[in-house]
Each structure stands twice: as C-alpha cells, then as structure tokens.
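Next come two complexes, and both contain chain A; in the first it sits with chain B, in the second with chain C.
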Partner chain A sequence: MSIVTVQLGQCGNQIGFEVFDALFSDSHCTQGLCSKRENEAYRSSCKERFFNEEENGVPIARAVLVDMEPKVINQTLSKAVQSSRWKYGQRSCFCQKQGSGNNWAYGYSVHGPRHEESVMNLIQKEVEKCDSLGGFFIIMSMAGGTGSGLGTFITQNLQDQYSSSLKMNHIIWPYGTGEVIVQNYNSILTLSHLYRSSDALLVHENDAVHKICAKLMNIKQISFNNINQVIAHQLGSVFQPTYSEEGSFHYRRNPLGDLMENLVPHPEFKMLGVRDVPRMSENSLAYSTFTWAGLLKRLRQMLISNAKMEEGIDWQVQPPLSRLPTLGKRSLSEQLRFNTSIANLVVLRGKDVHSADVAGFKDPALYTSWLGPDNAFNVWTTQRAFSKYEKSAALVSNSQFLVKPLDMIVSKAWNMFASKAYIHQYTKFGIEEEDFLDSFTLLEQVVASYCNL
Partner chain B sequence: MGRRRRRVDRAGGAGALPEAIASLSRTLPGGPSPETFRRAKFDRPEAAPALWRLLFCVLSQLRAGGAPASPAPEAQARWVKSELLSQGYPRQGLAQLPEDGSRGSRELLLALSWLLARQPLPERLLAQTRVQLGDEMPVCECDILASPGLPAPRAEADGPVDARHLQWLMGKLRFRWRTLMASQQEQCALLGKIHWYTRGCHSDRRLGHLSVAETELLRDPESGRQLLRRLESENARLEAALEWRHREAVFWPWMDTVLGSCPPEAPQPASVPRPCELGAEELERQLWALQEELRAAVEARRAAWEARVGGRGLEWSVAQRATQEAVGQELVALRQAWERGGDLAQAHGPCRLVRTEAGVPAGPGLQAAQAIRVLQSREACLEETLRQLQAQCQQQLARLAGALPSLIWILPPGR
Partner chain C sequence: MEEGVVNEILQGPLRDVFDSKQLITDISGSGNNWAVGHKVFGHLYQEQILEKLRKSAEHCDCLQCFFVIHSMGGGTGSGLGTFLLKVLEDEFPEVYRFVTSIYPSGEDDVITSPYNSILAMKELNEHADCVLPVDNQSLFDIISKIDLMVNSGKLGTTVKPKSLVTSSAGAFKKRQEKPFDAMNNIVANLLLNLTSSARFEGSLNMDLNEISMNLVPFPQLHYLVSSLTPLYTLADVNIPPRRLDQMFSDAFSKDHQLIQADPKHSLYLACALMVRGNVQISDLRRNIERLKPSLQFVSWNQEGWKTSLCSVPPVGHCHSLLALANNTCVKPTFMDLRERFTRLYKKKAHLHHYLQIEGMEESCFSEALSSLSALIQEYSQLDATKSMPVEDLPRLSVAV
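For the complex of A and B:
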C-alpha cells in the first residue's frame, strides 16, 4: 500500500526531501548484507510505498509540496533534480508569493480557505496514482505560520474528504530558546487542532536532534541540513520495509496501519517519539561492531530514563517496584524520572536479527496498569541492514516523553495569553480568545492523561 | 429377461443399501465409509468421531466460510450442537452428548438424516463449493446476519476493568476496520484493472472481459491443471449426487429402523417427519392447533402479568405506552426498509461482476448502482439507529453525572 506525503512550509519541504533521499539511497544501497533476491523484494516494497514509476524509469516521489513562498520549493525541486536518481512530479507543487508571517491564524484562516481547492486537487491527483492508498504522511513544523496553520487546515480537510484513510502528522517541535516570538501560540493551536483531526502525531524535537548532531555525529557547525538528515534517517529506519510477521519473508503491506494499530488506538494518547541506536559519524562506523544484546539494553534504558540519545543515559532509573498511583504526591519532575510507556514498537534491522532478544521490553513494569505487554509491545524485523549499519534498532514509543515539553509550551503560552500579548494578531484573522481557551483545555487534559498513567 | 430381473432384485436387495450409502458418502465432503453408518446404527462409539467431523464439514460448508477453519474436535462438536439447535433440530439426545467424541454415533446419524430430510442437502453443498470462474460478489448479507456464529467465549472480568483498556481495544477495532476498507478498495481497483485490460477477450459476448481466475489460467498453465483436477472432483460428486437420488428410496426405510432402535426420549419427538409425507391439509390443521395453543398461553400470561402490576398505576401505564410507541416506530422502520429493499427481494447470494461499457444498454443482471442505492438506504437506517443509541447513552451519562455534582466530565478529544 502506498503512502502520500504532504510537505508543508519551509521545514516540511526540506525534511521531506531528506526523507525521500534517505529512503531511496537505502533501498539502492548495495551493502544491504542480504541476498540479491531479498534486496529486490525490499526495494520494490519501498517503491510501492513511496515512489511512482514514470516511463523513463526515474522514480517519482508520491508527494505533494506546498508552501506560500517559492524559494524553498524551488530549492527542493532542484536538489531532487541534481540527485538525478529520483524526482518530484512535475505538477505536484503549489506555491504562492507571500508567506504567513509566522502567524498560525493567517495560514489557517486566510491561506487555507483561499487555496483549499488547488491543494486538495493536487492531493487527489496523487491519490489517484496509487493502486491502494495506505494513508497520508504530513510533514510540518508547528512554530511558524504556513506549515502549522495551513498544515492544520489541510489535515482537517483530509479528515473530511478521506475519513477512512489514515493520517499521521510528522511535527517538528521548535527549539526551546525559540526562533519565533509567538511560537508557543502557534504550537498549542497546531497541537490541539491536530489532536482532533489526525490519527497520530509523530514528534521530533529540534533540541534533541541538535544534540545528536553535536554529540554523536561530531558535527561542528550544525546546519538544518544536518538536523533534517538525522530526522530522515530515523524515519527511514521505521518506515522502510519489515517482515509482515515473525518467520515470514514477505514484507509488511500496510506499515502505517499496523503502526497505528499497535501504538495509538486510544484517542487521548496520540503522541509518538522515535529513538534509534547506534548513531555515529560515517568515519567511526567503519571501526565499530555491535551486538543485539548491547543495542537493546541501551535502547531500553533510553526509553525508561527518557534519554533522546545514547550519550548521557541515566542508568540509575529503574522501573518502579509497585505501580500504585502516586497522583499529586510528587512534583511533575520527580514523577517523570521514570518514563512510563503506553505502547512501544521496536524495529530491528540487520544481521542475525532472529537472535535478538527483546524480553527487556516485555516487562509489565514498563507499561501502564491497564495495558499489559501483550497489547502494548510489538517488534518488527528484517534481515536487510539499514543504511550502512550492520545492525540497527529503532523504537517508536507512545510514552510520557513529551509531557514536560508540552507542559512547558502550554504554560509559556498561557503566560502570554494572560497578559493578552499578540492576541490581536490572531483575532484579526478570526481566531478568537475562545479558540485559545479550547486549545488550552484540550492540551491540559492531554498532559493530565499522560501524567496519570 | 432373467438377467434383467436379477438386476432389479439386486437394486432392492441386500447390496442396495451399502451402495446407496456409499453414493451419499461420496457426495458429502470427506464422507465416511458405509461401514461407519452401519456401526452408527448400533450406536458403536468408534463411529462417533467420524460423524462429528462429517457434520462439522457439512454444516460449515453450508455456512460458506462461517465456521473457523478447523478447530479442535471439542470446539467442532460444540459448534455442531449450536448450529443444529439454531436450525431447529428437535432431539435433546444430541445436546446431551459428550463433546469428546467418545459416544453417541446413533444420535449423530439421526441428526445427519434430519439434515438430509429437510433440505436438498447434496445440491446445496454442491452449489456452495462449486468451482467459480467468475469474480463473484455477494449482493446481500442475509447469510451473515442469520448466522449465529460460534458461541462467544464469555470472558468475565476478575475485577473492575479500566475504561482506558476498553477504549484501547475499541480504537484497535476501528483501525482494523479502516485497514479492511483500504484492502477492499485495493481489491476493487485491481479487479477493475483486470477487467479493463482484458476487455473484448472473452468468448462469451455478454461478459466481454476475463475474470481473475480466467486471467490466471492464461498466465500459468499449472493453475489450469489444478482447475482441471477440481472440475474432475466436482464432476465425481455430481455423479454421486445423481446416484444418491436414484437410490435414496432404500435409505429411508433403513433410517426408520435406526430410529426404531432408539430408546424413546422423554417427550417423544414426533419422529423425523419428512414434510412432503404430510399432506397440506394435515399441516394446516397442525398449524391451526399450534396457533390456538399459543393464543391460550399468551392470554393466560397476560392476565397473570396484569394482575401483578395492576397496583402500580399511572407510572406503569406511562412506561407501557412508551414501550408500545418504541415498538411501533421500530416496526414502521422495518416495514419501510423492507419495502425499499423490495425490488431486490430476489437478488440473494453471489453475483458475477461484469463491467459494461458506458452507453451500452444494461443486460438482464443487477445494476451496481441499484445495489448501491439499497445499501445506502440500509446504511442510513443503521446510522439513525446508532444515533438514537448514542443519544440514549449520553442521556444516561448525563443522569449519572448529575448524581455526582462534585465531578466534572470532559469528553475525550476527537471522535
């Protein structure tokens, strides 16, 4: 089944390019450490999901590019042309001359309705090219105006027009130090609206990815390109083909559907995060070897101690012995030292994958009292190595990992809202104080639900 | 002359019964040997497992995919019992049999012959399992709706259940439903492609294009050989069914002796009547007597009931009126649904999917648009019912919430 990607705004378009490039390079990598036949099955499975074949044999990304300024889209298109291995469709872009000025309301209430028909037509054309539509993958940031505001608007439209298709929003969480003064407003409006119209929110935090670039990849001058490549690698390690079940050599047909069924069936818990091991610069990779036991031990500790990368893991954190409710007795920060999971999905790729033992993730103490590991834990595997890593493991987790950043954003936005700062910029375009209050209520409810697991 | 008489004698003589049973056995899926039937007459335990299996095969094929593939013998026996019960099988002896297959072969034989007597069983089985060359699609859901399915394992929760767990399971179900929708759409898209690419290829002008099975035959010669084998075995079963029809007359007297050798059941069942043996008049008389009996019973019940609740007065009569209204509404809705679906009343079972060119006048078959209209009206009815039920739930929730003034209820986001 195929996935149609919608790239929105500067951030969404730049990441989208890196994602397709990572998927393409990995599926055409000759170092897959598996038989030629298996490599071909893997490649064709990847292609069915993410690429269309044109007559001259150059794969075309199943993507729609949307931005309100032409600059980034032009750059993205020309980068794809330069790669000369894959490209975007000739008529799959939509851009305008004037951006959204980092104003969610402008993207949502002005650009959205004005360009609704054109954008939805582009998406429909892309959908018609799929024999079977698995769902939508919508890449956007939540700090700015176009990606966040227009992205939210488009997601709601997809929910209306393709109500039974799956929708996953990939959201870039802004730096805590902030690029935009109203980023917290934009963020709460985005998150609260998406919580109603999307099936899952897969979140990448800029701060965390930045640290990975600095500490693990040893990059001195970190650019958005570096950050986007790390994100693309993590997404690839989740969405590249895996076997449909244990012992089978057929690849999974509907990764988006399976992932959502495993991780986000509950309507109040839709936040997903990704972690992966190992992670290092290409130079170090050549001199390193790994064991499954070591990788999985680190990944598990990253999960329970809520570490975003391998370096600086707190090995002191252990699952609590009893799972009595501790509601209200400890402060938020104390409560969250141990990261409780609702559900986890581990994706293992590479040599001897059948020998990997995931028992550490099946410990009931990792999960809530109302969902045991049988329901809460799943593992996907393939022998095919991913992107030059002989062995690699990724973890998609629906856990408390975002409670703190979310709580932070909500309270910062609330402080600004309480002093009525910048509100007029939103009311001017039809987003009333009532809408803000609804967003606060919903997100505080989300924080509370995640806290009281 | 002499030879001919001998053959007639043989047909009515000692060898005829085993041959009749053998032909019956060959028409049934995985039918056991005549010897098993003979042993069952004497209620020998060793014949029981084979007969449980046979009944399971027969009943599950009649259901066309309704039963699970091949459950454990105990589960098979349970399923057979519930299925026969739902079809109205009258003997209680069957329900009392142990499910481990250790005895009861005579009861099972009686059950099988009951199935044989009340419907043209071999014909229905053959119709269900016939080799299909076309792309078929059911146009109604009567079978599924009428199917009782396996008795659901009743899971009693040990303690209180966390509502979040139920919400999780519900959400999972929703995702599975959406996945199912996506795969159905995919199947339709691919079918459409095959029909489009093979248009004009079929020797039958009314069809015009090939089906999946026919396309597969062209692509892969091995599947042609497989098809041939399946057709041959179907032919053999057809021949056996014909033979059974010729020889069946010797089977029924024998079954009478089987029934005669049964110890009588507590309330003696009215033997195993073959409907065609009773005259129409006799049936009518029985029906009339039953209706009289029913009327008498209902009146007695009602009188007793009214005497009991008579004291409650006004409140009761309000509740009664509300119930009557609800029943009335439902009846009207049912009647409307029935009338709207009326033009499709004859269209049951699977239909072959055929693509016609736009503008070409429609053939004799059922139009997709017509079938879709009926489904849509049915969907609207169901949605209305769902809305009513949801409103009831919300009222109930609101009542509960009213009883706890210190509690704030916040509805979950989305959905």
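For the complex of A and C:
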C-alpha cells in the first residue's frame, strides 16, 4: 500500500525533501548486508510505499507540495532534479505569492477555504496514482502560519473526504526560544484542532534534534539542513520496509495501519515520539561495532528515563515497584521521572536481527495498568541494514515523552494570552478568544490524561 | 510639492528606474506646514494620487505592502505623506503600510517641526501598521564614527570598496557637498535588509507580513527601533573579519541604533533578528543565549525573539544583521517631541499659519497632543512592570 505525503510550508517542504532523499538513498544503498534477493524485495517495497515511476524509470515521490509563497518549493523541486536520482511530480505543487505571515488564523481561515479545492484536487490526483492507499503523512511545523494553520485545515478536509484512510501528522516543535514570537499561540491552536481530526501526531522537537547534532554528531555550525537530515534518518528508520509475519523477503504492506493499530489504542492518547540508536557522525561509524544487547539496553533506558538521545542517560531511573497511586500530590517533574508508556514499537534493522532480545521491553512495569505488554509492545524487524548502520534500532513510543514540552507550551501561551498580546492579529481573521479558550481546555485535558497514567 | 528634488532624480543615474508617469509635483512646496501638505495638497491631489496608485497596484500579481518614506518635520512629507496613509487604508485595506519616518533631531532648523511632527504622529498612530523611526542625529553620528575609523590612517583600516553602509559608490563623496547622501544610504540599507528575506532564498524565510505579526503585540505599539551591523568591512584580507558574535553584540549597542535610543536599558516587548549571509541556526541560537541575560523582556514575552536566515549577504559583506526592536526606549524621543511642541504651543507661536488653512482648528492640535500622550502613557505603564518578578499565572484546572 502507498503513502501519500503532504508537505506544508517552509519547514514541511524542507524536511520532506530530506525524507525522500534519505528513503531513496537507503533503498539504493549497496551496503545492505543481505542477499540480493532480500535487497530487491526491500527496494521494491520502499518504492511501492513512497515512489511512483516515470516512463524513463526515474522515481517520482508520492508527494504534494504546498506553500503560500514560491521560494521554498522552487528550491525543493530543483534540489530534487539536481540530484538526478529521483524527483517530484511536475504538477504536484500548489503555490501562492504571499505567505501566511506566521498567522495561524490566516493560514486556517483565509488560505484554507480559498485554496481548498486546488489543494484537495492535487491530493486526489496523487491518490489516484496509488494502487492501494495506505494513508496520509502530513509534514508541518507548529510555529509558523502555513504549516500550522493551513496544515490543520487540510487535515480536517482529509478527515471528511477520506474518512476511511489513516492520517499521521508529523509535527515539528519549534525551539523553546524564539523562532517565531507567536509560536506558542500557533502551536496550541494546531495541536488542539489536530487532536480532533488526526489519527496520530508524530513529534520532533528542534531543541532535541539540535542537541543530537551538537553532542552526538559533533557538528560545529549546525544548519537546518543538518537538523532535517537527522529527522529524515529517524523517520526512515521507522518507515522503511520491515518483515511481515512471513519473514524474509516478505515485507509488511500497510505500515501506517500497523503503526496506528500498535500505538494508538485509545483516541485520547495520540502523541508519539521517536528515538533511535546508534547515532554518530559518519566518520566514527566506520570504527564502531555494536551488539544488539547493548543497543537495546540503551534504548530501553532512554524510554524509561525520558532521554532524548543516547548521551547523558539517567541510569538511576527504574520502573516503580508497585503501580499503586501515591498519596499526596506530586510535582510534574517528580511524576515524570519515570516515563510510563501506553504502547511501544521497536524497529530493528541489520545483522543477526533474529538474535536480538527484546524481553526488556515486555516488562509490565513499563506500561499502564489497562494495557498489558502483549498488546502494548510490538517489534518489527528486517535483516536489511539501514543507511550504512550495521545494526540500528528505532523506538516509536506513545508515552509521557511529550508531557513536559506540551505543558511548557501551554504555560507560555497562557501567560501571553492573559495579557491579550497579539490577540488582535488573530481576531482580525476570525479566530476569537473563545477559540483560544477551547484549545487551552482541550490541551490541559491531554496533559492531565498523560500525567495520570 | 516642489520640483527640484524630483527633477534631480530624473536627471540622475537612476532616471530609468522611475516611471516618469508616476510622478506628481507642484510648484511652491508646502512651506514646512503640515496643514498645507495634509489639507490643501491632500485635497487637491487625492484623485491623481489614487489613480497612479491603482495603476501601480494593477501591475502586481500580489500586492503585499506599501512603503511610505518621509520626514516628520516638514510640510509635504509630513502632511501629504500622512494624508496618503488614510487613503491607502481606505483603498487597499488588506495591504500593509510600513512607514519609514525621519524624526527631527535636537538641532533641527525648521522651527515648526514640532507642530508638524506631532500632527503627523497622530496619523501614524492611527493609520500605519508599522513605523520605523529614524533620526538625523543618529545617522550623522554613525557616519562620523565611520569617518573617524577610515581616516585614522591606522594599518589595515582600508575599507573594502562597496561595503560601506553609507555609500553605494566605491569612492568617497565629499562630506561638505552632500552629507545627506551618506546618511540616506544607511536608511536605504535598512530597507534592503528588511526585504532581503522576501527577495532571496534562505533556510528560515521572513516575509514582510511576519514583521507586523510578530512585532506588534497591540495595535498602537507599532514603533520599531532598528539597528544595522556591520557598518563596513575591512579590505585587508589578513585581518580576520570581525567575529560573527561581535556583529550580534554591536546590534544591541546604542551606537548602532538609527534613533537616539538605548534599548539595552529599557524594556523589550519583542525583538526580530534578520540575518543575512553565511550564518546558521546554531550561530543565531548561541548569540541569543549569550545576549538574553543582559536584556529585559516584558513578562508575557520572555522569549520574544523572531529570527530569520537569508542565504545571500549584502554586497561587500559576508554576513549582516538587522535588528528590529519593539522597545520602550522610543519613549524619550516622543517625550522630547512633546516637550518641544508644548514650548511652542504655549506661546501660540506660528499657529496662525496653520489655523488659516481651511479645516484646521485648535482641536486638531489638542487631539494630536492627547494621542501622543496616550501613547507615552502606554509605554510608561509597561516600563513600570520592568522590575516586577515574573510569575506563572494559575492555569485552567480540568476534571480527569
């Protein structure tokens, strides 16, 4: 089954390019460490999911590019063409001349309705090229105006028009300190609306990825390209093909569906985070060897101690001995030292993957009381190595990973809202104080639900 | 409203850039009288102006904003210029109005400039989306600094040609002849940098409509103090370019501001950093972290930074920075203006020149004065919150 990607705004389009590039490079990588037959099955599965084919054999990404001003899309298209390995469809873009001004209300209430028909038509065309539609992957940022506002509007439309198809929104959380001053308003409006219309929210935080670039990859002058490449690598390690039940040479057909089934058992809990090991600069890679035991131990500790990367992991944190509620009120930080999970998915790729022991993830103490590890934990594997890493493991987790960041955003937005600063910019386009209050209420609910796991 | 300046442009090197049909001139000028510019010429030329505006607008695929460039102290720029703002608002309500206003310096030779400025301020308060105040004294100080550096004859202080923010030509022009050219070049660079992200590609673009969205938290508080760095680049290759971080520090020093203001010691409501050239997100973040502790931001906008990265640097530089600050440091400029106005108004000096114009009454003056006072009051109220501790407000509590 195929996945149609919708890239929205500057962030969405910049990341989208890196994602397709990473998927393509990996599927054509010669260091797969597996048989030719295996490699071909892998490549063909990747192609089915993410690429179409032109007459002359050049793969075309199954993507729709949307932005309200032309510069980024033009750049993205030409970068793809320049790579001369794959490209975007010539008529897969929708562009206007004037951006959304970092204004969620403008993206949602003005651009949305105005361009609804054109954008949905483009998506429809892309869907028709698929033999079988697995679902939508929508890449957007929360901080700006187009990705956040228009992205939300389009997602709602997808829910109406393709009600039986799955939608996963890939959301970029901005740096805590200013990329955009009104980013917290845009964020809460986006998250609250998407919570009602999307099936899952897969989150990447700029701050966390920035630290990975700095500490693990030793990049001195970190650019957005570096950041986006790390994100693309993580997404690739989740979405590239993995075995179905039949094992070798047979790859699962419906990754989005399987992911949702495994990770989103309850509509109140939709927030997913990604972690991966190992992670280092390419220079160091050649000199490193890994064991599955070592990788999985680190990954498990990252999960339970809520570490964003594999450096500075707190090994003191252990699962609680009893699951009884404690007396008295605990502070948010106390409550979250141990990260309780609702569901986890581990994706293992590479040499000797069948020997990897994931028992550590099946400990019931890691999970909430209402879902046991038999249902809450799943593992996907393939022998085919990913992107030059002899062994790699990724974790997609529906857990308390995002409570603190979410709480922070709500808190900052609330403080600003109390002073009514910038509100006139939103009411100008039809988003009233009521809408803000609704958003706050919904998100406080989400925070509370996750906290009380 | 007089022909001299426009004619000079039409005969100069840029004559082909301007469409000669899009020019409006009169003969005698406005006599440094806001009322003449606003009421008399406004009325007289309204139709013509509208017609030419519509014509220009038709040529645009997508009209995003108007730049109005004028001085506050004279008659035409101040009076007719602010009249235009109202026309633009009525005719093109969805198009942003950015105004670059030259405020009169302390040693201004136009006696009635305080009247003109205050009357114009009221219009700016009500009809502009964003105002970038500039004053001649600051521009002159910047030039003097550059001159001093360039003429000091110190080793390695030859400036790279074309990199001077004061001149677009390679060679120096004699100061005595045309001092204003150099000063105006600085303002030109300001507008260049403002629009760079809209004209060139970058990893974090910033359009003009984002400036208003992020830097104007309340409609009346739309005055942005600007600073440009670097002002020049040294030509000697052996001397390493001024460190990147120095560029950021300079942007916050009061010597680089385009009005007499000290943002570092006042309260920030919001700040935008527009970077051009070979600068990446990590450089930006490092410098924000470094400078943040020494700056005071209003309690509800502690992280009030808006940033943009444009890949293309200005000619002659490898990187540059434009900082726009919505900061209470504009207050002294306004208070000073009010002071000078009051001194004249108390004595009713020169008032008759204004009152004899049809449509002008004393109430125009008193209304303009109270509009300015209200604005100053808002800034004062914000200043009062400066040293108060920042507390988190109680949140909504939900049933689980």
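The rule is short, and it goes like this: the second predicted complex is superposed on the first by the 446 of 453 C-alpha atoms of A that agree within 3 Å, B and C clash if a C-alpha of one lies under 4 Å from a C-alpha of the other, contacts with A are read in each partner's own complex, and residues count from 1 in each chain.
We adopt the following convention: a residue touches a chain if its C-beta (ideal position, glycine included) is under 8 Å from a C-beta of that chain, and two chains touch if they have at least 3 such contacts.
Model, not experiment: these values are computed from the prediction.
Trainee: After lining both complexes up on chain A, report clash or fit for chain B versus chain C.
Mentor: Once chain A is superposed (C-alpha atoms), there is room for both chain B and chain C without a clash.
Trainee: Pick one for A:Gln96: touches chain B only (first), chain C only (second), both, or neither.
Mentor: Touch partner of A:Gln96: chain C, not chain B.
Trainee: If we overlay the two complexes on their shared chain A, which of chain B and chain C does A:Pro267 touch? Say first, second, both or neither.
Mentor: After superposition on chain A, A:Pro267 lies in contact with chain B alone.
Trainee: Now for A:Asn254: first (chain B), second (chain C), both, or neither, which partner does it touch?
Mentor: In the superposed model, A:Asn254 contacts chain B only, not chain C.
Trainee: With the two structures laid over each other on chain A, which partner does A:Pro405 touch: chain B (first), chain C (second), both, or neither?
Mentor: A:Pro405: touches no partner chain.
Trainee: Output check: A:Pro364 vs chain B and chain C. Expected answer is one of first, second, both, neither. What do you get?
Mentor: Neither partner.
Trainee: Between chain B and chain C, which makes contact with more of the residues in chain A?
Mentor: With both complexes superposed on chain A, more residues of chain A are touched by C.
Trainee: Figure out whether A:Pro319 sits in contact with chain B (first) or chain C (second), or with both, or with neither.
Mentor: Touch partners of A:Pro319: none, neither chain B nor chain C.
Trainee: Taking CA centres, what is the chain B/chain A/chain C angle in steps of 10 degrees?
Mentor: Vertex chain A, arms to chain B and chain C: 140 degrees.
Trainee: Let me test your reading of the model: by the given contact rule, A:Gln445 touches which partner, first (chain B), second (chain C), both or neither?
Mentor: both
Trainee: Please work out how little space separates the C-alpha atoms of chain B and chain C at their nearest point after superposition, in whole Å.
Mentor: 6
Trainee: Could you pull out which residues of chain A sit against chain B in one structure and against chain C in the other?
Mentor: 441, 445
Trainee: Which of the residues in chain C come into contact with chain A in the complex?
Mentor: That would be residues 61-62, 64, 201, 203-205, 207, 209-210, 212-219, 270, 280-283, 285, 288-289, 292, 299-307, 309, 392-393, 395-398, 400 of chain C.
Trainee: If we count contacts the way the header does, which residues on chain A are in touch with chain B in the complex?
Mentor: 1, 131-135, 164-166, 192, 195-197, 254, 257, 260-261, 264-268, 368-371, 375, 441-442, 445-446
Trainee: Residues of chain A touching chain C in their complex?
Mentor: Counting only chain A, the residues touching chain C are 10, 14, 69, 71-72, 75, 96-99, 101-103, 145, 175-182, 210, 213-214, 219-225, 227, 410-412, 414-416, 418-422, 424-425, 440-441, 444-445, 448-449, 452.
Trainee: Which bits of chain B are touching chain A when the two form their complex?
Mentor: By the definition above, chain B touches chain A via 162, 164-165, 167-172, 174-176, 178-179, 181-183, 185-186, 189-190, 193, 410, 412-415.
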